[in-house]
Amino acid sequence: MFEKVLIANRGEIALRIHRACREMGVRTVAVHSTADANAMHVRLADESVCIGPPAARDSYLNMSAILSAAAITGADAIHPGVGFLSENADFAAMVEEHGIAFIGPSPEHLRLMGDKVSARRAAEGFGIQVVPGSAVVDPAAAAAEARRIGFPVLIKAAAGGGGRGMRLAHSEAELASQLPAAAAEAKAYFGDGALYLERYLDRPRHIEVQILGDGQGGVVHLGERDCSLQRNHQKLLEETPSPALDADARARLAAAAVGAMRQLGYKGAGTLEFLYRAGEFFFIEMNARLQVEHPVSEMVSGIDIVREQIRIAAGEALGYGQEDVSLAGHAIECRINAEHPVSFAPSPGTIASYHVPGGLGVRVDSALYQGYTVPPHYDSLVAKLIVHGAGRGECVMRMKRALEEFVIAGIDTTIPLHQRLVAEPDFIAGAYDIGWIGRFLAAP
Amino acid sequence: MFEKVLIANRGEIALRIHRACREMGVRTVAVHSTADANAMHVRLADESVCIGPPAARDSYLNMSAILSAAAITGADAIHPGVGFLSENADFAAMVEEHGIAFIGPSPEHLRLMGDKVSARRAAEGFGIQVVPGSAVVDPAAAAAEARRIGFPVLIKAAAGGGGRGMRLAHSEAELASQLPAAAAEAKAYFGDGALYLERYLDRPRHIEVQILGDGQGGVVHLGERDCSLQRNHQKLLEETPSPALDADARARLAAAAVGAMRQLGYKGAGTLEFLYRAGEFFFIEMNARLQVEHPVSEMVSGIDIVREQIRIAAGEALGYGQEDVSLAGHAIECRINAEHPVSFAPSPGTIASYHVPGGLGVRVDSALYQGYTVPPHYDSLVAKLIVHGAGRGECVMRMKRALEEFVIAGIDTTIPLHQRLVAEPDFIAGAYDIGWIGRFLAAP
Amino acid sequence: MAEPDDLRVDGDLVRALAALLHETGLTEIEYAVGDRRIRVVRGASPVVVAAAPAPAPAAAAAAPLAEPAGAVKSPMVGTVYLAAEPGAAPLVAVGDAVREGQVLLLIEAMKVMNQIHAPRAGRVSQILVADGAPVEYGQVLLVLD
Amino acid sequence: MAEPDDLRVDGDLVRALAALLHETGLTEIEYAVGDRRIRVVRGASPVVVAAAPAPAPAAAAAAPLAEPAGAVKSPMVGTVYLAAEPGAAPLVAVGDAVREGQVLLLIEAMKVMNQIHAPRAGRVSQILVADGAPVEYGQVLLVLD
């Protein structure tokens, strides 16, 4: 096992990793920008190193500063967390070249899954259905492809993610007019103008499967997560199991994901994301890293995903099979952002008072504390409220009462939005799709 | 189901009950003394009624004030919580006479279990071994009985509890000299000078079984709890499963407890307490109510014990059998008291800062908040920190890191004591008995 | 003219003013007589209030924060009655002079009627409860001048 | 009558007023008699400090809170060297006058030696790092007068 893990991230996920290390008896190094000198994970870590100014490109994305921090502290592993460098194959390779373990998949797998086209090709190779579509070679070929898969079609940046730069075309004329703009946008956002065309699915759900592989033949899944409640492609609330799946669909999905990861020889935690509609799953991408919403899978499986990541990176085998994993009850996570609950205007600032809900089945993952100042430089996620219950109904009621108890004063948060959400008949019925939040927020 | 439950208690257990009600869609009435006007459960409840001055006898033990509060608010059930009136058969009967449901066992069962002698007789009737001994009729009979069961013997108040008024006699001479003083003490503490004599067990463990019965034939157990870590008969830390039991002992214990409760037709949550030594269990008493340490059983079973109490009191059947109860992983609870961690001097006062640990497997049951003032009138329990993990080792490590994160400033608490405790080799090995804490604290 | 050694702090005065601040809800009092001057300020002390979730409405009307000097408070939880029996005239009315020990109100608790007696002689200046209303312990029932 | 130079701080008086502030929950007391006047204020600021758990020790020495005006800070994380090569004389010593742009120290990061230049001319008044020590971003390396 590692002696000392450097946590190359910030906020609640850095604290999450610190906690897992602490519980394994592994020492921690927090790295931080000058804006995060008072962050909770910095205060709790065994050691901390300031790696740069507030801008992420000069601190949390500064590979040489992070590697230098690992060198001066003698860390023998780096956990990249979520976002920042977590899916950067070059960083993973560089870490390993320095004789330090990268807590994540191999650089090859990061590279494979980091590009939508190669990821999709790999999925097809593993026998997983993908959304019909293909790379855009030229406008004429794109038009022919669009006719084959049927309008409306979605134009995406091949190197993109997070929903950025997606465009919908309902006709050949629209397609022709959208392509140049989409290419320019892709180039601007992602440094690569390559485009991708695919069938547009009407009101699908976003359903993903949590995988753990040890790279030694061991692969298990921890069930699916339904992340359909998204605003501008940002997930707001996730739950497991999905209220939309029956046992057959669930078994098919899990078998496809596990089979693919076994063929790939995948090492680490990862998530295969799918669109689901009317009994059919279409692979969209794989996140070859920890995900923000991993806690809901932990709540139903009892498996500490971050601990498993660390064990796997240290060369340990899973040591258990799918038959040893039992998924019990239901779990829901609300992402609490430092944003106005109606306008979604970011709301950094000082936490005037902070009181978290407690009791049975309630978990809070947050790096906030009373008196802490949320800096304006990073994303707005400040707390994850996760509840677990025997069934979905109990779980929804528990989330309601936990939201009632949660006090975060001094900044605006999305708690009031979540309170509205969990009282909505559609949510209570589990009847929502990836467009539901957009329609809900647009309603008068 | 009830419309409105009056919570006849205070502190964290009142909040615990409020939470269960809230999650069932049941409205809550908090009753409180003038000292508790700013208590968390009072703030969160749908309604609140001040029932008297700080002294418990005039407020939380004031039956007519509580019944009047139920009358003026229209509550259709009363949950007595833990302590105060929770085991008072007269109160339970009075509540029912007023047409209000008492969330607890029948007055008859409270009466049966409220007296050590009748409880012990009942246990023997159900085929459960008790510590050899009997009621003290006169000094000569007591001496004969002591010779039969063997010295040393323990002299207890028949109506007592909490370890008060217990005396050890190593010889007939000691027995003769102790009896009058013990009778006087029993009279002073419990209003009843009747005494009880039993075999003294050397370094036993305190192991208890959590039971749920619906009074309609349904009885399940939720495993045992090891509560051997006690200071002056006050539990400090509890865990489940007990590190001392093997599968056979565990099965025998559970079968005895479930069998007894089935014969009794017990309705409600209850706990049968045993002393355990060298493979043998001896019944000591039954707590016919919710217990402070119930959360550890909830963590491993996934069953909300307070919800079950409410459902049972509302006339519902359990609806599941022992085969549906699966006990997974390990759970530990640390009782955090407002006391100096070395001198145990009570430390009421204002909470200057409060920050609870979070993350996977961590639960906090506490009614504290920053700015709250712990009143000097009641017991010193201010928070319960409960952790759950796949195994005992993981659980102990999680408790360590959670204790590190817990901040309660402005008053003294027993957090530092718990930090010492979880680092002790004997605790880590699970090698402790009911005298361990006493020896640990007496060590230089 | 005050001598230098006259600058002693009158703790009782400050305490009295602090009590006035609390009672009145003011946050600052400044007082000057001739060349003597005192000013007391109370901060917005938001911690207690802010740290706690929004309080739920009380069942019965909460006792007023600043209670009048002649307040007669409820010694028990129950239902208050202003008259000895339904339809009868109220036991007392605003403006009535009452003797010490005179019955002012009745509170029913556990099906028992409890008489609430005047703690001293005086004149009824306010009646703060309605006939048949629920009352909690310590709630102000009426005020004697 | 007190002379101006008589205005010494009466510690006991301040302590007495501070105790009164605590006792009464006030945040400010101002008191004046004639030309003598005292005002004590209690801020509501301790929350930030109190709310956080005890900070863990930093890997490298934390930058001092109040940094000197002529502080030269590390632009990167790495290992600092005072000499151009092992065994050589230090690049600068306390008391040396340096030109703008002169190399003061070296920081090795990612196996690359980076020269740290004087931002302006001046005299080296303090060197705050040891040869071979790890440094973090923003850490004060040396001070120029």
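Should a chain be cited, it is by its letter among A, B, C and D, assigned in written order, with residues numbered from 1 in that chain.
We adopt the following convention: a contact is a pair of C-beta atoms (placed from the backbone, for glycine too) under 8 Å apart; a residue touches a chain by one contact, two chains touch by 3 or more.
Since the structure is predicted, the reported quantities are computational estimates derived from the model, not experimental observations.
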Which neighbours do subunit B and subunit D have in common? A, C
Greatest Cα-centre separation from subunit A belongs to chain C
Rounded to the nearest whole Å, what is the centre-to-centre distance of subunit A and subunit D, using the mean of the C-alpha atoms as each centre? 40
When the C-alpha atoms of subunit C and subunit D are each averaged to a single point, how far apart are the two points in Å? 53
Cα centroid separation between subunit A and subunit C, in whole Å? 57
Chain centre separation (subunit A, subunit B; CA means) in Å: 42
Subunit A: positions in contact with at least two other chains: 44, 353-355, 369-370, 404-405
Subunit D: positions in contact with at least two other chains: 47, 50-53
Mind listing the subunit D positions that touch subunit C in their complex? 1-2, 6, 13, 16-17, 20, 23-34, 36-39, 41-42, 44, 47
Could you pull out which subunit A residues touch subunit D in their complex? 29, 34, 38, 40, 42-53, 59, 64-65, 67-69, 71-73, 350, 354, 369-372
Quick one: in the complex, what on subunit A touches subunit B? 15-16, 19, 22-25, 44, 295, 298, 302-304, 326, 328-329, 353-356, 358-366, 369-370, 390, 394, 397-398, 400-401, 404-405
If you look only at subunit C, which of its residues touch subunit D in the complex? 1-2, 4, 6-7, 9, 11, 14-15, 18, 21-22, 30, 35-47
Note which residues of subunit C are touching subunit B in the complex, please. 47-60, 63, 76-79, 109-110, 134-139
